[in-house]
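Quick heads-up: structures coming right below.
You will see two complexes here that share chain A, one where it goes with chain B and one where it goes with chain C.
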Partner chain A sequence: MTYRTDLPVMLPVKRPEAEPFLGLKLWHMLPIALIAIIGPSLAFAQSSADGQTPFGILLNWAPLLLKGFIFNLVISVSAMALGTVGGAILGLGQISLFAPTRHGSWFVTQFFRNAPWLVLLFFAMFLLPFEINVFGLKIPFPDWFKAILGLSLPVMANVSEIVRGAVRSLPSGQWEAAESLAYTRLQTLWLIILPQCVKRMLPPWMNLYSILTMATVLASIVGVNEVMTLTGQALASEGGRPDLLAPFYGFVLLLFFVYCYPIAKFTVWLEKKYAVIT
Partner chain B sequence: MEFVFDWFRTLYQETGINLPFLYDEYDRNRMIGGFLTTIWLSLVCLFFSVIIGVIGAWLQGSSFKWTRRIVNGYIQLFRNTPPLVQLYFFYFAIGTLLPRVENDWGGQSPILGSFAWAAISLSFFAGAFNVEIFRSGIEAVPKSTVEAAEALGFSKLQIYRDITLPLAFRVVLPALNNNLVNLVKTTTLAYAIAVPEMLYEANQIWSDNVNVTEMMIFLLLAYFALVGVLVSGMNRWERAMKIPGYG
Partner chain C sequence: MNWTPADPMVSLKDVHKSFGELKVLNGVSLDVMKGDVICIIGPSGSGKSTLIRCVNALNDIQKGSILVEGQEVNDPNLDKLELRKKVGMVFQQYNLFPHKTALQNVMMAPVRVLKQDKAKAEETARALIRKVRLEGKENAYPGELSGGQQQRVAIARSLAMQPDVILFDEVTAALDPETVGEVLQTIKDLAEDGMTCILVTHEMAFAREVADHIYFTDRGVIVEHGPPETFFKNAQDPRTKEFLSQIL
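So, the complex of A and B:
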């Protein structure tokens, strides 16, 4: 939003446009990704002794790796959903008027925010039972579900901070105006404060999602069958050839980049759109 | 000290709460070694990531289009890919391409060990964030200050080193703190390439003693304390560096 005026006033400073990645537009990523994977495999089609180039082998494994990557995305979406619900409750607890709730929520938030993601993941993996008994009914607790729980813990703490920050960032006049109109505290929160917070929370929330997506590979360390585990297995089944390492790990890097870069771009765009002109 | 160690041994015998790194000398040395490795790795990464941030931010202000583009490409690449995959890529893909050297026992070993690769990879990862952080700080320095320095005959490098950076540094300290705390937490990833840091050693101990719960809780508290010390230290520094009447 820019103001048009011919009065001799200071105009708002225009933020310089962020340079696009190597001067490329967003949609350019797709053809580049395709060229990067297919191109070399065509160019070196008959260079290896057994007729299989590293990129040819990668192409054979690509469907499996893509399936693993989709599993990563499933983990990230579920952990985000769980973490957002938990974090919203915890964040509202942090602005509670009841001191024990406030201090308790603050402590839980700080604790899970300051612990490394990997340690929390180990925590969930090893300390949760592999199945639980509910009235004689055995509910299995598979690895991937424990991974989702373990990843949702730090997400919860971060969402809690985002909620608290957003509520605190609103001018106190909003609270006072609502009070003077005889809204109860619950009504004020639900009808006035939170709807305004959603806009402010969206960019950091999406940032967090992108961080979480990148953290889902941690699940490979604790043995969930996601893209990193599958990559390791694919490399092992090809006999651990050193010339395969760079293309395979590069492929995984590329997958995440293609997924996370548009999210990052969109977040920056949202931030600009919702920026408050001061 | 012996008294304390004996107390924990008795605690194990009486209650079953097993904390072997407090009474067993071998486990204690492992744990202390892991703790020191974590701190050393954190310090090395802190240092190099800040250096990368400062140099990157300076290059981003360069008048050459391609320098800016390359720095931007580096930032976007490292920010949008998982640090664990970066670590694997560095350690397995690039590490195997490098020449091997003869070690003390006459065998062949890679020129860079797992610790060095962890330090390199994590520094680049955190450095990408630091470049953005420093750039935002440099943008916050008023143009007139830079112009005043130019009028006094400072060269471009001098302006950056003596005028812009010291001012920007104070503006970005909170954001930098945040990133450095994240970096300390990210050092746990080095576990994946068998750097003997705290998580790795704790894993070794709980594999030997089957006391996962106790080690886990200790580990969480240890990282909590480590991050707490870093945060309080940085907050003190932030207060000491504050520009009076600014922000």
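So, the complex of A and C:
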């Protein structure tokens, strides 16, 4: 039997349509272009007499700054990878049936989740040796590696919470069904619980990555040669001209924006796509 | 273990269970013989679901004994996996795995838990899906099936483990009225095949038709029990009478 109806409550539920991936419309380009153009042109208006415009100077430095930015990305990806592996282990530790593991994982998670990232970075920088001796083999610990370690700690703690939250968000019936089919706990986790969690974990995980990428500039404070450090050095070698500040830092802002904005949009798109419809 | 098929397949003796201060089971005893279909009925909150969840050790008990084919369930050294290979369970909320198709739901446990050959498990799974009258739905995900269809997949999933006894925990309570019949029919088929079934149900007409024995529970004890004809026509205890008058 079929009914014809106009009552909204009687109609089948429609999934909200997922937006196209980037969701950038033409007018979005306007503010981005403005930032990119106004900064340099303001500087251009104040250009000095030696013939080189601030924009020209920025162009000269751009390849070096880009290299620095790529270094930021390397730090962010490495810290994310390390943090994700550590966080996954820690998160599963938080749902362990063995109380000491559970409590220990909880404590480590809470400790690193509630610590300022910069302080953790300082800890990693100044408490780790610059090299370690393994059976006479000297393994150097360069600054950038310590920065990766330092930044991976808060990432780890946040991933741990994402994992724990996702596992907890599944209905307990899934566990019971698996248990009553004689799956071991490990099989239950691996075959039934975690595959369902991945979808739920992806958006917050990408969000975290975005935040981490923007936090990589903290490494400049501890002397890693990433984009902020290089920008400072470039400005200094140009004689610290105040008219160069806006275009240079504007350029750095733009780099991060162009990289992080699509991630944020993609996350929103994923969230809509995987929205739980009950 | 020297259990023989002449002994009860499931035997509960003086089972006590409480959640903290709340006493749920207060000395329950019952026996289920091989091939028996027993129905447990009673008002909500009388401990029916808890009772059958204790049989496959989803809930532990504080006192008493539960023997499944001679294996003691109330034992700290119990091999829960071995027990659960013998005792299947179907839930009120179906609890199918939403990321797997109907076929995968049915064949996954035989492959992963019983280590059956994949091709053989798939053959069995397809046959079971036919048995619960869902041919053609093998590749559907649970979200694409109706409640009644999902519940029948859940029954097939439980059967795939070749259990000796199946627990049914209010399996029609969450269903639309028009799909209740198809699920009950599936259970009836099982009963006729000789499967040992322990059902918690509110479907009195169904209980009367398929059950070999009816148990009425209230406040954690079995108030009255007997074969369906005597039970429904000749209830003795005032609590049973009151319950039946409300529900029939």
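Throughout what follows, the second predicted complex is superposed on the first by the 233 of 278 C-alpha atoms of A that agree within 3 Å, B and C clash if a C-alpha of one lies under 4 Å from a C-alpha of the other, contacts with A are read in each partner's own complex, and residues count from 1 in each chain.
Basically, a residue touches a chain if its C-beta (ideal position, glycine included) is under 8 Å from a C-beta of that chain, and two chains touch if they have at least 3 such contacts.
Note that the coordinates shown come from a computational prediction; the quantities given were computed from them, not determined experimentally.
Chemist: Determine, for the superposed arrangement built on chain A, whether chain B and chain C clash or fit.
Modeler: Superposition result for chain B and chain C: fit.
Chemist: Using the touch definition from the top, say if A:I132 reaches chain B (first), chain C (second), both or neither.
Modeler: Neither chain B nor chain C is touched by A:I132.
Chemist: Going by the touch definition up top, name the partner, chain B or chain C, that contacts more of chain A.
Modeler: B
Chemist: Which partner chains sit in contact with A:G250 here, chain B, chain C, both or neither? Use first/second/both/neither.
Modeler: first
Chemist: Is A:S210 touching the first partner chain B, the second partner chain C, both, or neither of them?
Modeler: Touch partner of A:S210: chain B, not chain C.
Chemist: Report for A:I70: first if it touches chain B alone, second if chain C alone, otherwise both or neither.
Modeler: A:I70: touches no partner chain.
Chemist: Check the residue A:S180 against both partner chains and state whether it touches chain B (first), chain C (second), both, or neither.
Modeler: second
Chemist: I'd like to know which partner A:A81 touches here: chain B for first, chain C for second, both or neither.
Modeler: neither
Chemist: With chain A at the apex, figure out the C-alpha centre angle toward chain B and chain C and round it to a multiple of 10 degrees.
Modeler: 100
Chemist: Quick one: classify A:P195 as touching chain B (first), chain C (second), both or neither.
Modeler: The second partner, chain C, only.
Chemist: Minimum CA distance, chain B versus chain C, superposed model, integer angstrom?
Modeler: 23
Chemist: Which chain A residues contact chain B in one complex and chain C in the other?
Modeler: Common interface on chain A, chain B vs chain C: nothing in common.
Chemist: Looking at the complex, which residues from chain A come into contact with chain C?
Modeler: 171, 173-174, 176-184, 187, 191-192, 195-196
Chemist: Quick check on the complex: what are the chain C residues that touch chain A?
Modeler: 56, 58, 80-82, 84-85, 87-89, 91, 93, 95-99, 108-109, 112-113, 154, 157-158, 161
Chemist: Where on chain A does chain B make contact in their complex?
Modeler: That would be residues 18-23, 111, 114-120, 122-123, 126-127, 210, 213-218, 220-221, 228, 242, 245-246, 249-250, 252-253, 256-257, 260-261, 264 of chain A.
Chemist: If we count contacts the way the header does, which residues on chain B are in touch with chain A in the complex?
Modeler: Against chain A, the touching part of chain B is residues 68-69, 72-73, 76-77, 79-86, 88-89, 92-94, 96-97, 181, 185-189, 191-192, 199, 203, 212-213, 216, 219-220, 223-224, 227-228, 231.
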